[in-house]
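Input: a single structure, listed below in structure tokens.
Order of writing sets the labels: A, B and C. Residues in every chain begin at 1.
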Amino acid sequence: MFADFASTILAAGALTLLLALGALALSSVLGLALAYGRLSRRRWLVRLIQCFNFVIRGIPDLVLMLLVFYSLPAAINQFLEWSGSGLWVEFSPFWAGMVTLGVIFSAYMSETFKSGLQNIPRGQIEAAQAYGLHPWRIFWRITLPQLARLALPGFTNNWLVMVKATALVSLLGLQDVMFRAKGAAEATGQPFTYYLVAGGFYLAVTLASTFGLLSLARRLEQTNHAGRT
Amino acid sequence: MNWDVVIENLGLYAEGTWLTIRLSVVSLATAFLLALPLAFLRNSRSQTLRWSVIAYTTVFRGTPLMVQLFLVYFGLAQFELLRSTILWPWLSSPLFCALLVFVLNSAAYTTEIFAGGLRAIPKGEIEAAQAYGFTPLRAAWRIFIPGMLSRTLPVYGNEMIMLMHATSLASTVTLMEITGVARNITLNYYIQLEPYVAAAIIYLTLSAVLVVAVQLAERRFAGFLRPGR
Amino acid sequence: MLRLKLALAMSLLAAPALAAPLNIATDATFPPFESIDASGKLVGYDIELMEAVCKAAALECNIANAAWDGMIPGLIDGKYDALISQLTVTDKRRRVIAFSDIYSHPTFRFVAKKGAGLDISPEGLAGKTIAVQTGTPMDAYVTAHYPQSTIKRYDTGSAPYLELTGGRADVHISYQAQVVHSFLKSDAGKDYELVGTELTGADAPEFGEGVAIAIGKRNSELVEKVNEGLAKIREDGTLDALNKKYFEQ
């Protein structure tokens, strides 16, 4: 029986990882956009993004998730109802969780990317512009490789925090590792056993990620030094 | 709009806010006191000591807070043996369990933050203290701890806010702090927008107060570390 | 008025859309009525009942597990088309959602450790801890009648049992059938027994009128179809067979 429950819990690991990776992609793209926005010369944009960051980092992840999953559709539907259309919106726990985590961590990623971008010597960008390189090419060939190396520690940290934050989505009813562990715990009366299994899963993911990203960091350092000689 | 429900229950929200504040302050203070000696041990020359601390911080930073909370609150109650010891009156209280987990979790992060701060103290200061014949305890009290605290204030300030946010998870083990009050209202009045928005506003206010407090502390204690005018 | 006309127009246009599978939610922490088995599948009395009703009414139904928190609000908002989760019909709920015909009349009972000698009157349980699931009729009942007891509320149906066996609660109150068939018959429950008298809606209004399928208030067509389905399975003996299978009566 333990084997059954345990394998069901770990099978949900794929869902958890999918959720986390989706949120990572979303937060990275959004975070990069926000970082550029923070460095822009338009004061209103900088202020707006600072406001956004303040709100996101000032509310607990759990409350933000409850807001997106329950309150947001309720508000939208109330508005749609008032405006007379017969439409409904609804979010599944998976999408609500992924979007919420993506948006929350985009605020943290924007900080990481902003300090990374600020550490790339402006002279390189100016030289590339003087050569008439297209902005996209500049980003792809000059900015991104260096940003990857500079932002990696912060990026790793955000990823680790995000993986653990996915446990909260179980409270929305998503049948992830945490949800399955809770079900097994309550069905068998052995919470310690099954929460230990869940904990083991998350620990394995964070350890594997840490080592993986550490070796990636080492490899990027090497290419950086190779470029200098 | 059902704001009247929120107004009716303002008393509950106030009690919840008070509980959140108590949970945060007690956990923070205890975790701080626990992390101070652990930070020194983390940088110790003894391999055993160092790796013991690393094992502790790795486990508590590598698993979600929710898993830790459920393991302690639900999991430990599984063991009949434990229930007959003198520890039981403590462990059966959700408040004690939540505090225990918040302390252990926060202390793990704080230990790493402080250990990093200790490593960043200029060697010159350490050598000067040795030259003056400071005892290890005196050196710790006069040189290491102030140096470490002023350097880690921004990151530690962030950790303080994270801990305050983490108290929202106490609602999953029957504690009626802010999030618990909000969830209770949605279950009894069938509304989903207003209770969570009210909770978010309260958290934003608390976070704003903390951020301002940390910035004031930074100016007062870490002013010498700021980039030159 | 305009909204009503628009809704009617939409429902006519949407008639073929009724063929889209219905979203039915359940809180699968309540064996033997609804729970998740070791392989992660939804099983239970209510699940089989709903599938039978859908088949009898020619409806395509998709039953999924949901967090109890959001079930009734979700039904009100249109996120779900129906709920099946041993939902008691109460006046408070009738104001915001619609119900099908009642398909069962449960009794409620307290459960405590054998030999605890508990008196379940409000005076008898003063100072004791009662565990309940939040937002259920049992929660409403103890909140209203036991002001001197400590009430602990949990967001799933099975967490209170964990607290009972863990020694954190002195007593739990739930549907008698659920207590007997999922807890007392299990290993964990062998030292526990039912205490006090059987309670029903006749004893306290909080216990409601009976259990039914909850449906969104504006969906009167679905209410009719579900009632048709219920009537059919009552006639052709499916309901009896189900009762026998789960409750050997």
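In this text, a residue touches a chain if its C-beta (ideal position, glycine included) is under 8 Å from a C-beta of that chain, and two chains touch if they have at least 3 such contacts.
Since the structure is predicted, the reported quantities are computational estimates derived from the model, not experimental observations.
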*What is the shape of the graph in which nodes denote protein chains and edges denote touching chain pairs (line, ring, star, complete, other)?*
complete
*Give the chain pair that accounts for the most C-beta pairs in contact.*
A-B
*Determine the centre-to-centre distance between chain B and chain C, using the mean Cα coordinates as centres, and give it in whole Å.*
39
*asked:* Centroid from C-alpha atoms only, then distance chain A to chain C, rounded to Å. What do you get?
replied: 37
_Centroid of chain A to centroid of chain B, CA atoms only: how many Å?_
22
_Quick check on chain B: which residues sit in contact with 2+ other chains?_
74, 77-78, 172, 183, 186, 191-192
_Contacts with two or more other chains, residues of chain A listed in rising order_ = 70, 74, 171, 182, 185, 189, 191
_Multi-partner residues of chain C (at least 2 other chains)_ = 69-70, 73, 77, 159, 162, 165
_Quick check: in the complex, which residue numbers of chain C touch chain A?_
2-3, 6-7, 10, 14, 28-29, 31, 35-36, 38-40, 65-67, 69-70, 73-74, 77-79, 156, 158-159, 161-162, 165, 186-188
*Of all residues in chain A, which touch chain B in the complex?*
54-55, 57-64, 66-67, 70-71, 74-75, 78, 160, 164-168, 170-171, 178, 181-182, 185, 189-193, 195-196, 198-199, 202-203, 206-207
*Mind pulling up the chain C residues that touch chain B in the complex?*
68-70, 72-73, 76-77, 96, 134-135, 152-155, 159, 162-163, 165-168
_Of all residues in chain B, those that touch chain A in their complex_ = 58-59, 61-68, 70-71, 74-79, 161, 165-169, 171-172, 179, 182-183, 186, 191-193, 196-197, 199-200, 203-204, 207-208, 211
_Touching residues (chain side chain A, partner chain C) in the complex_ = 1, 4-5, 8, 11-12, 69-70, 73-74, 77, 81, 84-86, 88, 90, 93, 171-173, 175, 180, 182-187, 189, 191
